[in-house]
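Scroll down for the structure; my scribbles are underneath it.
A, B, C, D, E and F are the chain letters, set down in written order, and residue numbers restart from 1 in every chain.
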Amino acid sequence: MRATAYQRKLDVKNGRIDLSHGAGGRAMAQLISGLFHEAFGNEWLARGNDQAAFDVGAGRMVMTTDGYVVSPLFFPGGNIGSLAVHGTINDVAMGGARPLYLSASFIIEEGFRFSDLKTIADSMGEAARAAGVYIITGDTKVVERGKADGLFISTTGVGVLADGLDLSAEKARVGDRVLVSGSLGDHGTAIMSRRQNLAFETEIVSDSAALHDLVALMVAAGGSSIRVMRDPTRGGLAAMLNEIAHQSGLGFRLQEEAIPVKPAVAAACELLGLDPLHVANEGKLVAIVAPDMADAVLAAMKAHPLGCDAADIGEAVADNHQFVQMSTGFGGGRIVDWLAGEQLPRIC
Amino acid sequence: MRATAYQRKLDVKNGRIDLSHGAGGRAMAQLISGLFHEAFGNEWLARGNDQAAFDVGAGRMVMTTDGYVVSPLFFPGGNIGSLAVHGTINDVAMGGARPLYLSASFIIEEGFRFSDLKTIADSMGEAARAAGVYIITGDTKVVERGKADGLFISTTGVGVLADGLDLSAEKARVGDRVLVSGSLGDHGTAIMSRRQNLAFETEIVSDSAALHDLVALMVAAGGSSIRVMRDPTRGGLAAMLNEIAHQSGLGFRLQEEAIPVKPAVAAACELLGLDPLHVANEGKLVAIVAPDMADAVLAAMKAHPLGCDAADIGEAVADNHQFVQMSTGFGGGRIVDWLAGEQLPRIC
Amino acid sequence: MCLSVPAEVAKILPDDMAIVSIDGISKEISIALIDDLAVGDYVLVHVGYALARIDPAEAERTLQLLQELGSEGQDLQS
Amino acid sequence: MCLSVPAEVAKILPDDMAIVSIDGISKEISIALIDDLAVGDYVLVHVGYALARIDPAEAERTLQLLQELGSEGQDLQS
Amino acid sequence: MKYADEFRDKTIARGLARAIGAEAESQSEYRFMEFCGGHTHAISRYGLEDMLPANVRMIHGPGCPVCVLPASRIDMAIRLAERPEVTLCVYGDLMRVPGSQGKSLLTAKAFGADIRMVYSTLDAIRIAEQAPNREVVFFAIGFETTTPPTAVMIRLAEKKWLKSFSVFCNHVLTPSAMHSILESPDIRNIGRVEVDGFLGPAHVSAIIGTEPYEVLAQQFGKPIVIAGFEPLDMMQAILMLVRQVNEGRHEVENQYSRAVTRKGNRRAQEEVSDIFELRDQFEWRGLGLVPHSGLKLKQAYAQFDAEMRFAMHEVRVADNPACECGAILRGVKRPVDCELFGTVCTPEIPTGSCMVSSEGACAAHWTYGRFRDYQLRRA
Amino acid sequence: MKYADEFRDKTIARGLARAIGAEAESQSEYRFMEFCGGHTHAISRYGLEDMLPANVRMIHGPGCPVCVLPASRIDMAIRLAERPEVTLCVYGDLMRVPGSQGKSLLTAKAFGADIRMVYSTLDAIRIAEQAPNREVVFFAIGFETTTPPTAVMIRLAEKKWLKSFSVFCNHVLTPSAMHSILESPDIRNIGRVEVDGFLGPAHVSAIIGTEPYEVLAQQFGKPIVIAGFEPLDMMQAILMLVRQVNEGRHEVENQYSRAVTRKGNRRAQEEVSDIFELRDQFEWRGLGLVPHSGLKLKQAYAQFDAEMRFAMHEVRVADNPACECGAILRGVKRPVDCELFGTVCTPEIPTGSCMVSSEGACAAHWTYGRFRDYQLRRA
């Protein structure tokens, strides 16, 4: 903004968001340019329009959105900002697409610290740059104290699909393999470890990461033999596979021993009475892959740092009931069902 | 969702959102499919993937996002749902583009009534259908009571630009005309009339409307002679013209008598000590148009129901200070400045 | 500090309250500070209170004077 | 109602509290219900309290028995 | 996880399964009731059923305090939480338990009641300290395992002079319930349970010891083996039960000797007996009113008794007539015998309390085991 | 809008402007002070300056209660609002007024203080009724116009038995301030104001009548014309002042006869005198301590006096030394004479209170008039 009036610098160290920062006046313009544009820095934002334009080639695009309401906002391995970039990149990538552009909508509670906002915005900028995507348009709203939980971010991503690729749950077939890119439950465990009444110490950090590179390798290796990919976020692996089961009309049969779960994650889950298969991940993906190409795709995954612990954990089976079943490490069988209700620590 | 387990129907009449509706389990899946998919009904949502894919021709696209935190959620002339569709369609349209697809991210406070959510979702679906756009992907989060203000919605829109069209604030030139599509301040006045401590009765309803059709007519009539368009939302006409002034390095000179403001809006503003030029609109646009084509564009606007009160309210002038000046109806001159601080009712 | 608008009394309510209307908007205000208001009276409204009654005859007088002064001025010019 | 995990006492704190560790996670719990705990002891943790000390000798004994029974069973099969 | 992973070993399990199969006489049927929900959950979670011979059948008993809590007590808690001055602290397990009006604490919370999920009784103390102007009530529930932490909390509240803190006490006693199952005339009306032996509670026994079971084994002539909650613990205990049956014994044996002694945790017992005393009777879902089966605060701690403080009264309500929880908790029916199972009643919208806790027979079977309803039982 | 639009007519304005130009003797300069911020705002909002001949200059007086409130009173309000038990109700105008530490009520609110913006004193009553456990304090500010609504509110609070409701009173009196401007020795140190006449307050006069100004006009030999806040009202009043000056008169004349009488609103005056009494002195920003210029609650209403109730004490603080508010409020400087104007000090982050309210000379000039600093003054 080429303002002629001198503007006092944002007091990033001590300042806080007040209602004027959402009122559409100069204070808001200053916040946006001084904090967000600086952190995201790109030509689109610099133009200062209410929308951003970009060129596309003929083809197929994907679009996805997610709201981020994580509490606490800062957690081992990331913060709501990096998460909001990674999570939405991942949903674009799960469609098999190359993520290109993001939008970001901020809902900020009165009293929020500038310093925290800057840290978060900087994390978003960094995460976006590292992933080669641009946050090209955004919006900022401020709500009164007590009407939000510090900060909510909604990001939307668009990306382009490679020619002919059309990943979708209903494409799964009997015999398809279930591949997972790494150990499960790290993000949810890291978050829970910082919740006030659960508080425990752990070296586990969130797995929050952008998976589009890994996906590109997988697509290069497997192409359309990859039926569908999904990131097991809220509800964990269990929710994700049950969704796909219902969408495809198939069942799944998993091998518990093949599913990577870190000992500390397993321990935290035992302590809280949770199932690691219900716990959220933010840097993992699951791919349903035609059996003949499964090994090739798995090898491609293992070649990428974010897939080095990738594993083949089971297969799609014919099942009228669309059960996700699992052979337990103990030798019996069980269902892996959706999480019922909320993910609450149990005492029994 | 092809669930085998019988699911009790959502009790839309009496039910409320509880924390399980955001936990990634069946309750959430049911809410999403029973309420949102039903309201938005389209092939993309039906596929149930975490992203939606669509075909694009080679060319230029625009993307925009906005968060909606309006209070109250229901107001004369609309609700947060219709607003979230119109507002984002308008930001796409202001880029000169034809809006195609929307995403919607919902952040819902525990305890929110299903019935209200349904009304809002239905309004969104209706607004989208009426505008010929599709809400193709979405996300739902639930936060604890006291951590939000009922419901926040962030929508993101994408659209395609006609060949060669590139509207941007810096394209404004001295002598350009300032056109406004109708009377100012209706939306903000309607909202304020329902705020508990301001409460007044008025027949004014929000102007919330999708302007893309109007824009298409304008683009057909004026093409690239339209330098930039913008919808004067938060901060009103004043913020918008000051933004454009700063981006273009020009000043503006307005004629107060030419600016359409309804008597009831003017009266409400006098009562509250506000300036109608600072009050938000959600179905109005301002276009900066090259002088030779201004009459043609204005005529095109007047031919559309949403532009029937369109007016030429002033011109761009050379001004190192980028002042937005106005000749008052009384015969003097004044600046039309940004709103300072928040839009608060004044007593003096 | 003394922002105030002229409004017409539309309805007298109990407890020293009244509805006033101004160009299509109406609002409930206190009339505790003015005696004997009647529907149709005009008052100055300040922070939700009627502060003073507007005297229509005086208003008319002032307006006439203004018009005279205004046209005198116009004559001066021409 | 009796979800409980075995954990090692890592540190004794004042006020009948202690830090226990389980496979790389550690947590503060109450040890008000067990006398004379020492660092290195294993306890059953339930709702944030140590409920019982685990007897390593008995555990070893059970395990050995299990292994015997297990291999007996294996032998049965083969 | 030490003292856990070793007891989950697949190879040993396979051997043990064969040992059980070998010792179980093929012409007999062995019906063992695991009293405790911890066992029920582990059976389902590890797929233990798949490892047992067909003639050894586990019957799920009433050993889940969430499942046996009558709807009337949930109603009381909801009414309490709906009082504007009250903040109710509850273990997460209780949030979805249906009261008599189809309302749960989760929905009461959605409708505005101030309800906090806590992990430990110490959290409730913290909440009370931070909100001295609120009436903070802890919803106490559980068997002997969970009662001592409540006792410690009350002692702490007393020490900290918490003036607006209280406890809604729903603690119940295991041996009384076992007695009731074996004896109650109420049960005879449905059909006497035919149980050949009991897997005795693991963590309850860590507190109370094995001694209290001795009179039961004696009186009813049934073997009882106290078993740990790990799957190998249970298999070993089942083998021990098979042997007792085969040998005509009915003793109390202790498989879980690493954590359970004959006398239990004396310190914990004392904490409890200092603060609590027996109720004359307490209602158990499925079992009806069971004499001397519940605890209440002693007169000396009346100030901490929410039932006194808020003059709470219990209105006994009929359970959903189609819900078979009662029969299931007594082991006379199985979840699939209930016509609501998996149709109207699922963990998302449970009709009965057995569908809530993952220790409940219905929830455990739905969540982990229902695939077996559609497959041939392995030989 | 009846009784408003008619008084904004452009054609009449043009005629009036010429009439003023004709009557103003071209060799003289006429300096009139509009005491009242309402006039200051209207002058800027309507661009009145552009209509006046060059030799008729308006000087902005101290007639904005927000502007004259010393930083120490804002500090007191912030300290009060920061008390956890207090809910402070304020008119929106006050939110951005800087206290001595650069903090305002808006930032105090952002930092957690419970501050509510109200439109009317009746809102404060409603808030107090809805939160009986909170100490609800109304931040009362304003001239004679705004005092009667505070009085009605206090009477209502008494009638409703509101036990934890009080008022932080900052009401001030117009004639005392006008007297101070004309008389105060403090002012002589900067340079005596040279004012040829006053535009008298519109709405203040609707309450107090024109009579109180008579002694001032007499004593200081300056004409005073009470003027409405519409632009034509002001132009007519200016013409009346020019005539008085030309004729050597110094009378109180009433242009605003449609709302102002000689005696004012007796009922409102009584409400005020029932509840309030004069302070010995009150600090005005720019004018310093002015004797008998402020109101406080009478002893009988001490329970409603927040200054008593919370033992509030005023710590006088120095204004920002670069801020020229003081001189501007006395009419001896203009906004552009302040080096902070428009650089460090803007309405977004005001240094002085004159930059906050749109009745403040600095804010009005910045918001509406600063373009004139860069253009040649029209002849």
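Basically, contacts are C-beta pairs under 8 Å (C-beta built on N, C-alpha and C of every residue); 3 or more make two chains touch, one makes a residue touch a chain.
A quick note: this is a predicted structure, and the numbers were derived from the prediction, not measured.
If you take chain A and chain D together, the chains in touch with both are E.
Chain centres here are means of the Cα atoms, and by that rule the chain farthest away from chain A is C. Chains joined by the most contact pairs: A-B.
Rounded to a whole number, the gap between the C-alpha centres of chain B and chain D is 61 angstrom.
Between the Cα centres of chain B and chain E there is a gap of 55 Å.
Inter-chain centre distance (chain B to chain F, centres taken as mean C-alpha positions): 38 Å. Each chain gets one centre point, the mean of its Cα atoms, and the points for chain C and chain E are 75 Å apart. The set of chain A residues touching two or more other chains comprises 19-20, 25-27, 263, 266-267, 270, 273, 320-321, 340-342, 346-348. Shared interface positions of chain F, defined as residues touching 2 or more other chains, are 1, 4, 13-14, 37-38, 64-66, 91, 93, 96, 106, 119-120, 123, 142, 146, 346, 348, 357, 359. Within chain D, the positions touching two or more other chains are listed as 1-3, 5, 22-23, 46-47. Checking each pair of chains for touch leaves A-B, A-D, A-E, A-F, B-C, B-E, B-F, C-F, D-E.
Within the complex formed with chain F, the chain C residues making contact are 1-6, 8, 22-23, 29-30, 32-35, 42, 44, 46-49, 51-56, 58-59, 61-63, 65-67, 69-74, 76-77.
Chain contact summary for the complex, chain D toward chain A: residues 1-3, 5, 22-28, 45-47. Within the complex formed with chain B, the chain A residues making contact are 1-4, 19-20, 22-29, 47-69, 91-92, 94-95, 97, 101, 103-107, 136-141, 143-144, 146-149, 152, 154, 156-158, 161, 166-170, 228, 230-231, 233-236, 239, 243, 246-247, 249, 280, 320-322, 338-343.
Chain contact summary for the complex, chain E toward chain D: residues 1-4, 6-7, 9, 11-20, 22, 36-38, 64-66, 91, 93, 119-123, 141-143, 145-146, 148-149, 152, 201-204, 206-207, 229, 232-233, 236, 239, 255, 257-260, 265, 267-268, 271, 357, 359.
Residues of chain A touching chain D in their complex: 193, 199-204, 262-264, 266-268, 270-271, 273, 346-348.
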